[in-house]
Amino acid sequence: MYDVVIIGAGVTGCAVARELSRYDLKICVVERAEDVCCGTSKANSAIIHAGYDAVPGSLKAKLNVEGNEMMDDLVRDLDFPFRRNGSLVVMFEGDDRAKLEELLERGIKNGVKELRIIEKEELHRMEPNLADDAVAALYAPTAGIVCPFNMTIAFAENAYANGVEFKLNTEVKDIKKQADCYEIEAVKHEAFEPEEAVAIKTKTVVNAAGAYSDLIHNMVSADKHTIKPRRGCYFLLDKSAGSFVDKTIFTLPNEMGKGILTAPTVHGNLLVGPDAADVDLRDGVNTTAWELDKVRASACRNLKNPPLKSVITSFAGIRAHEENGDFIIEECPDAEYFFDCAGIESPGLSASPAIGKMMAEMVAKKLSAAKKDNFIATRKGILNPNKLSLEERNELIRKNPAYGNIICRCEMITEGEIIDAIKRPLGARSLDGVKRRTRAGMGRCQAGFCSPRTMEIISRECGIPLYKVTKSGGSSALIPNETLNDKYVIE
Amino acid sequence: MSEKINLTCIGCPLGCSIEVIKNGDEIESITGYTCKRGHDYAQTEVLAPVRTVTSTVRVKGGVNPVVAVKTRDPIPKSKIADCMKEIYDITVDAPVAIGDVLCNNIADTGVELVASANDQEL
Amino acid sequence: MNNYSERDLIIIGGGPAGLAAAISAYDTFKAAGIETPSILVLERDKVLGGILNQCIHNGFGLHTFKEELTGPEYAGRFIDRLKERNIEYLLETMVMDITKDREVTAMNRKQGMFTIKAKAIVLAMGCRERSRGALNIPGYRPAGIYSAGTAQRLVNIEGFMPGREVVILGSGDIGLIMARRMTLEGAKVKVVAELMPYSGGLKRNIVQCLNDFDIPLKLSHTVVDIKGKERVESVTIAQVDDKLKPIPGTEEEYTCDTLLLSCGLIPENELSNGAGIGMNPVTNGPKVNESMETDVPGIFACGNVLHVHDLVDYVSEEAGNAGAHAAMYCLNGDKAAAGDIINVTTANGVRYTVPTVIRPDMMGDALTIRFRVGNVYKNCYVDVFFDDERIIHRKRPVVAPGEMESVVIKKEMLEGKKIKELNIRLDLNEG
């Protein structure tokens, strides 16, 4: 029996797992996808917000500001890419200046530091590519950009190093309250394997199921939650467009969210999006022409000749919008030992470190758990050879020639990095898993050249035949098993 | 009765539009070609169309699992499917070099199937 | 020469362009009395030959060898010539950076990361395929969406079928070739959709790859949706209007497990950009002069990194020219700083030319100017103007964007003339 089962291996679940792994507890994370970071955490704006948006006094406000302040220590301890580039909420001619001032006041109430309104001249000096009629902006120097994949993976790997188990490809179907525990009924669906029923017993449950958190909650509670999946589409632009803006550029928020932003990414690309469209499907991550048009139009409105012909991909993410509007982080009032981290929409990524801490403290207290004395606080990310000196790099290649072999030519990712991504704890098992960890395949050719080579490396390192290498687990086979006369099937 | 057939010449990238008037097996006229190749192509294409088939066969013990092959000469278009059926069943041992004859008489056409790429021993 | 610190000529890329450039440079050095020319070819793949290795179909070499070869056979002949000359090459070696001062930084498993100083460089890196993302195709992002070239590699080199039921977007040559290839291997190619009202591929490929197998080609159609969360389940195509926007109500959904994209090639000029080489926004390749030299002295370009070609024979010819001039540059230095310059310009249906600058002092007896047109035109004339004077007026029964055109300028045409501008245009009125 586990002390804690965390449902969902997104950034929230992994942050909770990492914080809980400080305590002497038997913990398991259960995730329906084949990897961590496969839902909302993988498709979002990759922003660490300063914290001026949310209503003062709300959990969103409190945890965003706290989470933002935790980032420097986390980045040092867990080694993932983050940069405090600052953000601007830009007001254009005709916008209501009172709204900008309201945001400033909110920010001050929420405890956001260094926040100020800047006027036209300073604004255009700061961001020369803003549209000419940008007249003022709320400047938040503490806002940042992050790699949401590696942030989530860092939490997960560190939790794993501290003894947390991960059950991937495992989808929770029901949760039953027993006398002294919860029994979770789940189905395990590994690619190319028959489905298998799994029963997991645990003293406590933490629901961090993102866009599915209402379904999980409603399995144990009479007080029903309702998540309304809200889709946002994005464009990712080539690195040649990466310095088009330096700060994260927002427009004044509306009732559907913070509007369409333009931001550099920590890896030097440019990100534009998201729109907001209420959809029926919790995994409805298809882009649509009308939404992409909307994102395009917004970029063209706010920026001078945005370089949209440098788009290398578009994608969509689902926000777990809960009807009551705030995060729900509590022990479920009518289900003792069941804890919700629900309705984690924006600023969920920014708040996740603080959510993890808050939830871990609640659960540890409930279980009267003591802190371990052998907690490993640090984790090293995948070695980035570009950060080495020439001598160090050549020494590395002498020791391990795979670091001299470029696989992804657009992002200059070596075989050594890909092997590291596969071999490390909770390592990648799919093309997308490798991509999220190393960026191989994320560049301008979008894996056209490197995918066959990366597939070979996965096949070799995981000891599976090539046809069992998937894009993202499940039935996402890249080369269907069956060919004419079975001529090319290699077992 | 005469029949008019419009062809696009595949002899070269120009892709000339050729018109052939045919009566049974008798060609009455060919127009629109701009070189002798075009004239000959039209004639063959109307009476007995041929194609060079290119594909791959399995290699045992090679660097790559397959190696490219081609029919040394064009074969009747109607024989493409039979040719492929035989190709599916061919396995060769590495090394393979360009020009190696892998089948003497593919699909009973009298044409050789030859390797059109190299594969070294692993 | 195992010390990788200096070479006279470095050629980046060992595909058809790099091979031809190396061979012709070698012969130029030899003709000038250099006993062992100092040439190094850097190739990122495991073998020489570049993309030709996966182009196992025939139709290569009609111009160069007067016979029809497959891609590997065509490459093989150039590789043999390279080896006969003992030209040095490194495989599995990725060039990371080049500078204006012609320093090339490269990396491989054996030598690690190293920087070589060159007297001249030939860029021959080739091109990449336009990706789904760059095409802004909406829908899900499941497995089963491949660029045609990736699928070609999987089938012809790795020996794997990427799918069984296929829709192809784009009628570029690789897409057409793959329609036939997949069909021969037992797949069902349901439709080839092409955004433009004309095909981007060669006519022979339409006939031999589509018509032979009754594969429908739908012009003025594009993909408007991709369904399937894990693997492709269906692709919806729709007709487009004259502004290339999908027309509502014309959607047709095709059940399939694979979508292949053959929607254009983009020269791979990240290294060139890093060296500050001036680019032609139409070709996405470097601007070059009659010697295939970029605006950075001593750096030359040829093949698909310069502009996307339809036939490899033209690549070899152009690369031979670049290689010879690069060798001359090594031998003689940059002689041509002074002297007359003629700008090559375009008008009326001609999209671009290569080269864009001619230095008459530096050109040989004849210079081939290659260009592409922007639409399909029938019964037109290709006109060449020297300033206001029409010099060439050549009838063409048909020109199309998918097929490269050329004119040959003879040195004697320029002699005794002071020409500022050479303009190439189509005359559409006399047809």
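Residue numbering begins at 1 within each chain, and the chains themselves are lettered A, B and C in the order written.
Here is the rule we use: a contact is a pair of C-beta atoms (placed from the backbone, for glycine too) under 8 Å apart; a residue touches a chain by one contact, two chains touch by 3 or more.
Since this is a predicted model, take the numbers as computed values, not measurements.
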By mean Cα position, the chain sitting nearest the middle: C
Dominant chain pairing [most C-beta pairs in contact]: A-C
From subunit A, the most remote chain by mean C-alpha position: B
Centre-of-Cα separation between subunit C and subunit A, whole angstrom: 39
Whole-Å separation of chain centres (CA-atom averages), subunit A against subunit B: 53
Subunit B and subunit C: spacing of chain centres that average the CA atoms, whole Å: 26
Residues of subunit B whose C-beta touches two or more other chains: 58, 65-66
Residues within subunit A bordering two or more other chains: 484, 487-488
Residue numbers of subunit C (touch at least two other chains): 157-159, 185
Footprint of subunit C on subunit A - complex, ascending: 236, 240, 283, 285-289, 292, 311-315, 390, 393-394, 397-398, 401-402, 404-406, 409-410, 412, 444-449, 451-452, 456, 466-467, 470-480, 482-484, 487-488
Subunit A partner contacts - residues on subunit C that touch it in the complex: 44, 92, 94, 96, 107-113, 128-129, 131-134, 136, 138-144, 147, 149-150, 153-154, 157-164, 185-186, 224-227, 229-231, 246, 257, 270, 273
Contact footprint of subunit C on subunit B as seen in their complex: 7-16, 51-56, 58, 63-66, 68, 70, 77, 80, 84, 98, 116-118
Parts of subunit C lying in touch with subunit B, wherever the complex brings them together: 46, 53, 56-58, 62, 68, 70, 72-73, 76, 155-159, 181, 184-185, 202-204, 206-208, 212, 310-311, 397-398, 403
